[in-house]
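Shared chain: subunit A. Partners: subunit B in the first complex, subunit C in the second.
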Partner chain A sequence: MTRWARITAFMIVLLIPSLDALGELRFPPPEFESGYQFPQTTSPPALPAIHEYIDAAVLLAALLLATYLILKRRSRRAIFALMLFALLYFGFWRDGCICPIGAIQNVTLTIFDSSYAIPLTAGIFFVLPLVFTLFVGRTFCGAVCPLGAIQDAVLIHPVVVPRWLESGLRLMAYTYLGAAVLFAAIGNAFLICRYDPFVGFFRLSGNWNVLIIGASLLLIGLFIGRPYCRFLCPYGVLLRQMSRLSKWRVTITPNECIKCRLCEGACPFGAIREPTGDWPQGEYKIAKRRLALFLLLLPVLVAAGGWGGYTLKERLARVHPRVRTAERVYLEETGRVEGTTNASDAFRATGRTTEELYQEATAIRDRFAIGGTLLGGFLGLVVAGKLVALSVRRRRSEYEADRASCFACGRCYQYCPKERERWKKNKGVVAGR
Partner chain B sequence: MADNSNSLNRRKFLREGLWGACLGGLGTAAGLTAARNNRDNTVWQIDPNICIQCGNCATYCVLELSAVKCVQAYALCGYCDLCTGYLVPEPTALDTSAENALCPTGAIQRTFVEDPYYEYTIDEALCNGCGKCVKGCLAFGNGSLFLQVRHDRCKNCNECAIAAACPSGAFKRVPADQPYLLKGVERKQ
Partner chain C sequence: MTQATEQTRTRDNGVWYWTARNTTIVAAVFSAVFTALLVTNLIGSGVIQPWRENRLAALKLRIQKEPANQELVSQVRRLDLKIRRDRIWRLDFARKATHMLLGSVVVLLVAGGIAGKMKKELPRPQHQPDIGLMQMQEAKQARLAVVGALAVLVLSGLLLAMSRWVRFAQPEDSGPAFATAEEMRQQWPRFRGPAGAGISAYSNIPTQWNGKTGEGILWKSKVPLPGRNSPVVWKDRIFMSGADPNKRQVYCFDAATGQLLWTGDVPTVPLPKDKELNVMEDTGYAPSTMATEGRRVYAIFPTGDVAGFDFQGRRLWHRNLGLPDSSYGYASSLETYEKLVLIQFDQGDGKEGKSRFIALDGQSGKIAWEAKRETPNSWTTPIVVDIAGRPQLITVAKPFVISYNPANGAELWRAECVGGDVAPSPIYAGGLVIAIEPYSQVVAVKPTGQGNVTKTHVVWHMEDSGPDICSPVSDGRYVYTLESGGLLLCCNVEDGKKLYEMDLKEECRASPGIVDDKLYLLDLKGIMHIAQIGPEYKEIATCELGEECFASPAFADGRIYLRGAEHLYCIGKAP
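After this line comes the complex of A and B, so read on.
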């Protein structure tokens, strides 16, 4: 009986507007007579920053070791071992976060949002592999990147991808880079992290759709070497350009190329280029005219791309949650849809006026108009640049690893008879002969 | 022949120039990072005053069991017998029976303190961060229950998957040395 009386009493209390001494609380905290002590709300601290510095140190050490193994030691087995270590450490142990690919967005956000404090590790992870590539080529891709490692490890039966298809598909990586920068700068979204296909495997949990994309990429990766690296990786785009300029790089032969053609089919990523002669007599003139045409086409393509990007501004802007909320609230206010969503409820709970929201959304859309134009122009430039590059003939006197495309995995070394000679000689030295 | 070596030099000059420009660009990026990093690193946290308890925290976290947990600000709690954060609306009895419990995982523990007061504690190993109790507490109680990212569990992803799905914009990056936005702390001080 007393219990029901108490319930009724509480029900009454619920109905009375709170007039307690504190003013804000409906039920003032009780004055306990039994000597009860208020427990403390616990607040477990975040991981100390030292872990991030350890990550940065491991990255530096791994890059140095990778460079030594790839350029000096020239041992595929040792490179593979380092690659597995990187997969275990940066992938499974550190859960694949932070990685240089994602760090692109942190650096972008730092440039565009002055209130954002970039973690020091993100900066180091972005800069270090690029600096190394500028000196020694893509040793990061070959032995340190966990995303590259997981794909490299599953490659069992490489299939040749035609050169034209490879170049065409690579456009996806440029688009991905452009979009990632655009959305990190003004879209309030980190696309690269959202659609990182392998981080779910590293954590053994994650969004199902992305896990399915990752599994498909790994399945494709059984036959087509490193599909993410070649056709999607936005950081790879930056590394390609840096690698073109590198001071030192992977050479298939340790000393001289005897043009034996044994290495021709060695690269599963299609990065080995055969020696070329001069232009065939008749073709030179046609090629010259083609080059002139493509050079003239360059500004046209850039302008067309820019215009295309501009027309996409409204769709691009919809990625931003503010814009989506504004559109929803507008539809609700004008009575075109029934009911509310969580986002529109949350907006109304803030007590701000709809005009403010609309203005904010318009400002974001304007920014996307500029950003979309730049993105489209960039893609136009990439396509035009590729066309120009295709019509220029490079002279090569020996078999070479393509500067931009070579992942520095070290597979081709053992195909070179000169390399075998060197190994034998080295073994002799070690054995003390 | 002289012309040929000249063009080679030009190409070399261009290459060297580009190389230097790239290195300079990377140096700028490194400098920018160092300059901006005089503040502390950041972690993700929920602003309890903006949160609308939509339930996304329970489902969008990359972890199997969300790193977002309900937190009790004891100093704000009314220690009610009829706790609207603990009991379903119109309970059949004010007790710990499962049929009356609002929490879907049974993560709230109700302990008798003294008549008529009960203490409510969250068992974080069971809590999935759905925020049902928070909604109940805010609706009729003091609002002493609220959601927080627990940093002993949070992976601190570069982009928090819940933040990307948060309809109210309650997720924000906060300094790592003050990683919580607790209710009722300012009241006690």
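After this line comes the complex of A and C, so read on.
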């Protein structure tokens, strides 16, 4: 660890109490004796809808600009400047809400709950980055996402994460995505928003536990580039798949790769892939058998995952506040616990019967039987799919940015001698003018 | 020339590096200073502020004792102002320091990043022996990592599977929601026991005790808040309520030791500006006796607050029925039927349509049924009695004795036969419903009719007695009435023919009770007059408690529970 990195890490840790200090200083209204009438509590009016359209317009403009800067201008400095703007606007100015990552839940709820109408902005925020990624790769991640930006900004001393470890860790993002969709659909919980690790920093206030998670990610982010984006981001999972299909994408070299290998260590996110070498003797047959085995294993893992998710339905259902309340009320009613909780008191104040509550909780558990099965099946499919993908050998003749993993940050450009040649040429053109 | 240019460039880079490095150091120092200030501020908020607040609270308590001490009042005001100013200052300081700290950290990151970049070395790729083999090994390791991640997932699933979850038992597993009629008969579940008859199910009740000497007193416990309501007994627990103008409480005492097992608070809602709670001193703030159906226990107060508790003291529900418009303060006690809580909520003058009979679900407090009544405010307690296999809920309030189906509130019959401000509750004895019109008469109605039975089912009137507070009692042959002045009257159940009257020469508020062949008459001074049941008054014993008694006695197996003005007494023989 460098000296700077140590100092920075120390400072970020010390920043946490300051955030909390803001939230702690609350006090009751004064006790006037002079017959003073307290003003009526009012709620601030909702922000006009125009703000939402402005946000959507800013997102579109930022994506267009990012695409131009990444693919055409190929300027890391300009990309970094746009990233800082996105961090300030979508992060600190708009308090990190709304973001495409959280919009996954809005979209899910729209599908599963007919009474829920998705806000137009949420829909736009969900769709626009996906559409851009489908055509031009992950330009959203590189220059527009505030969560990516805050991690990118603190990356001081990148450490290489072995590619094999990255493959394993990436499963966390799939699990997170599956759980977030399941709980948004039937669990009455927006996990992604609840555990957004950086929103506390954007708002300078927030839940202590989540702030600690955020600070830890930033600390890790000093050495491991964008840990949240790489290993946790559920939206990143979708973007990865879209990016695989993208027509245009980031290329390390502006024209042809001379295989100088200077760019090998350029990417702090481990997204640069080297040309493939020759197959070792006898490996081909083994690889074929392995692939066949994993293909056969695919339905088995899906079925096993589905069964596992089904058996956990009661436990998974506990995410739903109604189920937790029902369980608590039941324990209280049967004298297995002492005292009441705010939730059980609030339930009793509604005047509903416990039978109604238990029935509702049982219905939610039944929904989790289906949801848990789907989640387990999905995770089984992901694992099997990954094993299959890792058993397929793809041919590469030059150094290139991995379509799925490249965040389009533009760091690799400057490492390519061909790119430097282009800069010089462009400079000459400008000087000649 | 070229060498000179290189040297200049190196020197320039050195200057930039020096600037970036020193900026980083300055930013780090700034960050450390702001962090220290914020931490100090946080400690100040957490240590100094609570100390001042405690002092303020102590001063406020002193003001309650010395309201005229103006110096104390201004001291409180000064301290309060200081606390508020300090808090606002700290809040403002924290906000500003946080922004400064953020700024410093940003400068630190930018300058540190630039300095780090300037020291960065150019890449020097090393020779790669066999890229094909390396990639193959990498793919193998990646597959193992995925399998490892799968193992972690499975392990997490197993850990999750080991966590507990609650299986909601079917209603038949958790037992019935109310006690059986036979169980109810063995207990003292409401005002004046089962069906409000005032008759003990046990004959082994003490006939001798003395509260002053402690003779025959098993235990005596202080009741936290006053109340005129009577004890309710369910097995090893005794329930009562108490209240003052500000608090309403429910108490559960241990029948074995007299220990107060738990206290349950009953909240209320703020009164409308144009209304205030007015109760007579004789009524008090907790006049209504609680009721239980053997699973839960219920209480009602003159504020219109009604609440259900389980036997462990957990408040299951609470609802405010609205402040009852009652001349002397609402005082009707509760009755139960199966899992319903029955509330006679008579109020107003009877013309405004305010009076209702309300049945609440005991488990939830939700209204199960409601019946409108054209009766004015009354203070009687309804009874549920089984008459020829049909449960009837019988109420008395001017001018009617009305019977309802307790399951759904449907009216069965009514007789227009009582008047005045009715407080004595009805009883069912000898096949007749006995009701009282205060200062006027005792009326007997045959409860077998349908519709208005005034002309057909009123069996007799007896105009020699008309207690205003105490409810009557009957062994099925004789009816005993006790006036608040102490005049005891006995008449035949069959025809209402007066047999005797006896002046106890003491004020009485408690309703009389019957144990076996004995009549228990408790006067206001706490003296129990025990007399033989029969057509003539024959006193067997008098037992003194030594404390004023407004509440009626509760009889249990071998015991009597008496609520004095301040204490609860358990009278019985030590096991």
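The rule is short, and it goes like this: the second predicted complex is superposed on the first by the 386 of 433 C-alpha atoms of A that agree within 3 Å, B and C clash if a C-alpha of one lies under 4 Å from a C-alpha of the other, contacts with A are read in each partner's own complex, and residues count from 1 in each chain.
In the analysis below, a residue touches a chain if its C-beta (ideal position, glycine included) is under 8 Å from a C-beta of that chain, and two chains touch if they have at least 3 such contacts.
On a predicted model such as this, the values are computed, not experimentally measured, just so you know.
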Touching partner for A:156 - first (subunit B), second (subunit C), both, neither: second
First (subunit B), second (subunit C), both or neither touched by A:354: second
Partner chain(s) touched by A:262 [first = subunit B, second = subunit C, both, neither]: second
Partner chain in contact with A:327 - subunit B first, subunit C second, else both or neither: second
Touching partner for A:281 - first (subunit B), second (subunit C), both, neither: neither
Footprint overlap on subunit A, where subunit B in one structure and subunit C in the other make contact: 7, 11, 14, 25, 27, 30, 345, 349
Subunit A - residues contacting subunit C, complex: 2, 4-5, 7-8, 11-12, 14-15, 17-22, 24-25, 27, 30-31, 153-154, 156-157, 162-165, 167-169, 171-172, 175, 204, 260-266, 274-280, 283, 308, 311-312, 314-316, 318, 326-327, 330-335, 338-340, 345, 348-349, 351-355, 358, 361-362, 379, 383, 386-387, 390-391, 393, 415
Complex contact set, residues of subunit B against subunit A: 15, 18-19, 22-23, 26, 29-30, 32-34, 36-37, 39-43, 50, 52, 54, 56, 62-64, 71-82, 93-94, 113-114, 116-117, 119, 121, 140-142, 150-152, 154-159, 161, 164, 167-170, 173, 176, 179-180, 182, 184
Contact set on subunit A toward subunit B in their complex: 3, 6-7, 10-11, 14, 25-30, 32-34, 36, 38-41, 43-47, 49, 52, 95, 97-98, 102-103, 105-107, 110-111, 116-120, 122-124, 126-127, 130-131, 134, 189-190, 193-194, 199-200, 203, 205-207, 241-242, 245, 247, 321, 325, 341-343, 345-347, 349-350
Contact set on subunit C toward subunit A in their complex: 24, 28, 31-32, 34-35, 38-39, 41-42, 45-46, 80, 83-84, 87, 90-91, 94-95, 97-98, 101-102, 104-105, 108-109, 112-113, 115-116, 123, 125, 130-136, 138-139, 141-150, 153-154, 157, 160-161, 163, 165-166, 168-169, 171, 174, 310, 312, 314-319, 361, 363-366
